[in-house]
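Quick one: the structure is below, questions incoming.
Letters A, B, C and D name the chains as they come in the text, with residue numbers starting at 1 for each one.
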Amino acid sequence: MIIILKPGCSSAEEQEIINEVETLGYKPHIVRGVEHVVIGAVGDERSHHTLETLNNFPQVQEVMRVQKRHKLVNRQCHPEGTLVQVGEHRIGSAPIHVMAGPCSVEGEKQLMETAIAVKEAGATILRGGAFKPRTSPYEFQGLGEDGLKLLARAREETGMPVITELLSENHASMVAEYADILQIGTRNAQNFQLLIAAAKTGRPVLLKRGLSMKFEEWLLAGEYVLANGNANLMFCERGIRTFETYTRNTLDLAAIPVMKSETHLPVVIDPSQGCGRAQLVKSACRGSIAMGADALLIEVHPNPAEAWSDGAQQLSIADFRELMQELKPIAAAVGRSIATL
Amino acid sequence: MIIILKPGCSSAEEQEIINEVETLGYKPHIVRGVEHVVIGAVGDERSHHTLETLNNFPQVQEVMRVQKRHKLVNRQCHPEGTLVQVGEHRIGSAPIHVMAGPCSVEGEKQLMETAIAVKEAGATILRGGAFKPRTSPYEFQGLGEDGLKLLARAREETGMPVITELLSENHASMVAEYADILQIGTRNAQNFQLLIAAAKTGRPVLLKRGLSMKFEEWLLAGEYVLANGNANLMFCERGIRTFETYTRNTLDLAAIPVMKSETHLPVVIDPSQGCGRAQLVKSACRGSIAMGADALLIEVHPNPAEAWSDGAQQLSIADFRELMQELKPIAAAVGRSIATL
Amino acid sequence: MIIILKPGCSSAEEQEIINEVETLGYKPHIVRGVEHVVIGAVGDERSHHTLETLNNFPQVQEVMRVQKRHKLVNRQCHPEGTLVQVGEHRIGSAPIHVMAGPCSVEGEKQLMETAIAVKEAGATILRGGAFKPRTSPYEFQGLGEDGLKLLARAREETGMPVITELLSENHASMVAEYADILQIGTRNAQNFQLLIAAAKTGRPVLLKRGLSMKFEEWLLAGEYVLANGNANLMFCERGIRTFETYTRNTLDLAAIPVMKSETHLPVVIDPSQGCGRAQLVKSACRGSIAMGADALLIEVHPNPAEAWSDGAQQLSIADFRELMQELKPIAAAVGRSIATL
Amino acid sequence: MIIILKPGCSSAEEQEIINEVETLGYKPHIVRGVEHVVIGAVGDERSHHTLETLNNFPQVQEVMRVQKRHKLVNRQCHPEGTLVQVGEHRIGSAPIHVMAGPCSVEGEKQLMETAIAVKEAGATILRGGAFKPRTSPYEFQGLGEDGLKLLARAREETGMPVITELLSENHASMVAEYADILQIGTRNAQNFQLLIAAAKTGRPVLLKRGLSMKFEEWLLAGEYVLANGNANLMFCERGIRTFETYTRNTLDLAAIPVMKSETHLPVVIDPSQGCGRAQLVKSACRGSIAMGADALLIEVHPNPAEAWSDGAQQLSIADFRELMQELKPIAAAVGRSIATL
């Protein structure tokens, strides 16, 4: 760590910090600048006590970390990209996977109709929510295990692996029994107990970015999954919260090159949550492919206006079909392809 | 709900929306403006299907909710303020309670020393973390049940009720056995399963505001607690995430008058998390009291520079003592007092 | 406008608002809902007094605008897109223009070298700052009129029209004499006096989005330009300020489809400011093209590490050349092309 | 400055950075950590070329500044607080000044009535807008010089000095002729040309915080005023833009202790803009006083519901009178007083 002292410290004040650095197990190294004394504290920041507490001393201007805090997700420890195996698909390889389906599973007819349609249009993985985290306790909370059963049935019918959200530690083994990928939603992105429970199922995990999560925090949340023995992790950008209200969230597409450089794990984009308006979703999908996304997660509904949740952002089947056609030449233009079943 | 159509809609387009409004169970009421047709959809928005899905129709400019979504926490359903009973204290009444103690319980000596000191200085409730949600899996995660036992012992010793964080649904009954108030942290503010589990213990719940939670979302998260049979809820502002990095978070003190007008439940301020720097905590406490906070939640440590977590924001015992003296005349100036044991 | 009254208003309270609506020149139209009375105030919101002041009455829950406030920039008043003529280029047509050059004009050699190189690589417009708005008064503020003269010379040499920033009302005619496009920077995006001065020169104006400007505010800032007689306006997204600090700003690429739907004017992306890191700029350019940008504004420097300003985000000439090759197939994939001189 | 190299740099890569540091005029000082090499670049960062451009080298992980960039506004160069003289008032001393008056000057009757009333209630400085920056070009833009004349007349009548906004470099001398304090608004907080023009009039300047301005940027904007020969500067917090929409802005009251510790200049709070709702303004004023504000800037209107601008946030005269009574005991509780004429 690096400790910057305020200008004009006395040598006693300087010595006080040096002693504290040593007490906490680091070797101090002094750099005398034009105005400031800077102390480099040499030692492993991941095994030692953090020095951020030194901010408490009035003579300290700032304490800065040198080491990145994430290890297992860090690309430095795994320079080539990791492929996450889902059924026969390998996410992170050149073919780009499209995961599509309804926001919520509403019933057999709605799910089957959607599943068959998105498969025909070119999706390779089926999405659908069985447990829904809703801002209000009075909104539809999902069909629960019945929804999971319908998803499993749709998988049988179509051959598409299934992704669905895990909301509760207590559901982890049940959801893992039915689903091929466990999704951790934005509201639970720092629910570490849930991350650990998901990791322990052994299923691939898709970790959405929290509403106001910095990249480093997201990487560290992912670190909880790998540190608990599960290396099949995907990061999914779904928009962050900003002052702009026209779009539901601000889809931060820079997440693609940033995360691809920081971590070896695949990066997925969810433009439906990211934009919150069906008219914007197509454009965001095109951009995501051009910028290097490994997969897309798209909400599709046979009749968005009557959807039980988030209708405003679900694509109709016709729109989805059109979109899939548009994506192919863009994928080719960046040296990739759209995956097929 | 109110639906605003785009200028220049044909009467067929208008009729299509009117039909849809009726299909979804509302009675349409048309207002013809200078440029826009506005449709008032009369019906109870809390029991009917939401009309936000109408955003999907190209002729719709905007759909707006009329009713507030929260009910049980709403001051309209309980105009006088609710007092939350904690041991012999009644939070929400004129005396303002100060909850103080270390960020984390680190051991018996540290906890007892702090507990006795904060009691002497005037705190009425002891805080301390036994389960700690940490951004990195490699940071100290708390002493767990051993920490809870130490808290219970400190309560015996000092007579102060105890508040501590609940992190996992699976710990709810265990934590409730030892603690007098269950704290739900900012990262779990929309972990609805945890809120339900906390509610069901019957213990008073202190719900921190999420890092980027709007007031309405916070009220609705609180609604999960009341809707699950527990009316002993307090809302705790602890700073929101903004672009400013000088302070750890941006403490939104307007939360006090806003929440006091929207809900009948007590409002608590956590200036330690809110500011992230001990030097700012005192000032924030003074402002909180002047603006009408019902309680404060303050981190105090016998030796902040060697704290195992969040040392930069913990007050020393001497500073805390001084602060408590400063708060008394401010409380008096706004017609309240600082509570005593 | 729409006024929502709080539940449980007395009829006297309701009448008070109805009277006020009439006093302010609107015709009230009452909708009685399940819980709320809603008053539609019919009248032209752009010529009448705003009713937002009604928020002052305690019985009012909310006042909502119906009409959009922008007119001349609105796509409704000009359904097909506007082409902005710059020299022989028509920005907004199928060929996508790339404006490239150094952040600051540092001297003749640096500018000429860059201008010739970016032209060879395929840029059609030369960018370069002569007046630089700098966060600190002690940083390099640009070469001023000398810089403008160098830009004019580079135009002569290369045939590329020139874009440069206008910082002061008092410089408007001087800058307009040398430049082909006047750029209004993010810090001045709501400096309305500057917008008016720029408009009045008659030169095409490129208006960057303010650091924390909502789309509607940006459109209204643009409205100042058109309302002052200048229809040659381009909107340029350059990243907004959020909590994320890894990137200098958060490039909001949804601005492309949003602004293309709201306004008939061209949309430009500045990925250099948007990302703040040269390594991310290429990816952002690819995404911008795929999402429908009409032009890009890219910082290029012969030796970024020794640039006098913003070196971290400037591309080297080699990188820029490579980028231009990558963009062509993406433009083709979305039915467009990269413009040529 | 401090340069952190990525783990695993070769010695050639390390040497390349060392050479560049020397080329740019700094003396390199190497600290070898457990994983990283850190280079302390010793030299005055305010007179040398910035090293942030080194971010361009792929082997560099991060470049960090050591010195603060502001000098003249820095409390280190003027440890006791500066008092700003306005007429006979000295802002920054123990008595807290209340500047009050209408958002916009609408006419003689409205202004005089308000001026007399706020004076009677205890205000010591009169505020009122003559040039108004409005988001839309179609909104009321102020009475201009006629408004200034009315303000000057109100000063004669009441003896209160006058504060009003300066919008254009070209108005600086005209506004300075009539006003006692020049206000720079939030939209122009980084309009450096305007700051310089204001500074040069010699009048005291009140600089509002930009909508998304970090403290350091605000201090540097203030530095433009002092560096242009005018030491009579006040900083005014007026709320920042965040995701919360219930309040118009998020009033960041931590600005008071932060700015009081960073700079020697007075800190003023504008709760009217900060909250945007009259009901919240009183509470925010109470908090501001308790936290150490040197002055308040409050919008008051004889009939807020019919105000020509920002009616929702203006206090009625009766409310203002009540507020002034409430503030006295709070000021006393923190060892200060409310200033009187």
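Points to keep in mind about this one:
By our rule, a contact is a pair of C-beta atoms (placed from the backbone, for glycine too) under 8 Å apart; a residue touches a chain by one contact, two chains touch by 3 or more.
Note that this is a predicted model, so its numbers are computed, not measured.
The chain pair with the larger count of C-beta pairs in contact, out of B-C and A-C, is A-C. Set against the C-alpha centre of chain A, every other chain centre is closer than that of D.
Chain centres here are Cα means. That of chain A falls 26 Å from that of chain B.
The distance from the centre of chain B to the centre of chain C, each centre being the mean of the chain's C-alpha atoms, comes to 38 Å. Mean C-alpha positions place chain A and chain C at a centre distance of 30 Å. The residues of chain C that reach two or more other chains are 212, 241-243, 245, 279, listed in rising order.
Contact residues of chain A toward chain C in the complex are 212, 214-216, 240, 242-247, 250-254, 256-258, 261, 274-275, 279-280, 283-284, 286-292, 326, 329-330, 332-334.
Against chain C, in their complex, chain D makes its touches with residues 20, 23-24, 46, 49-50, 52-58, 69-71, 133-139, 167-170, 187-188, 190-194, 210-212, 217, 220-221, 223-224, 227-228, 241, 277-279, 304-308, 311-312, 314.
Within the complex formed with chain A, the residues of chain D that make contact are 2, 4, 6-8, 29, 31-36, 38, 40, 42-44, 61, 64, 66-67, 76, 212, 241-243, 245.
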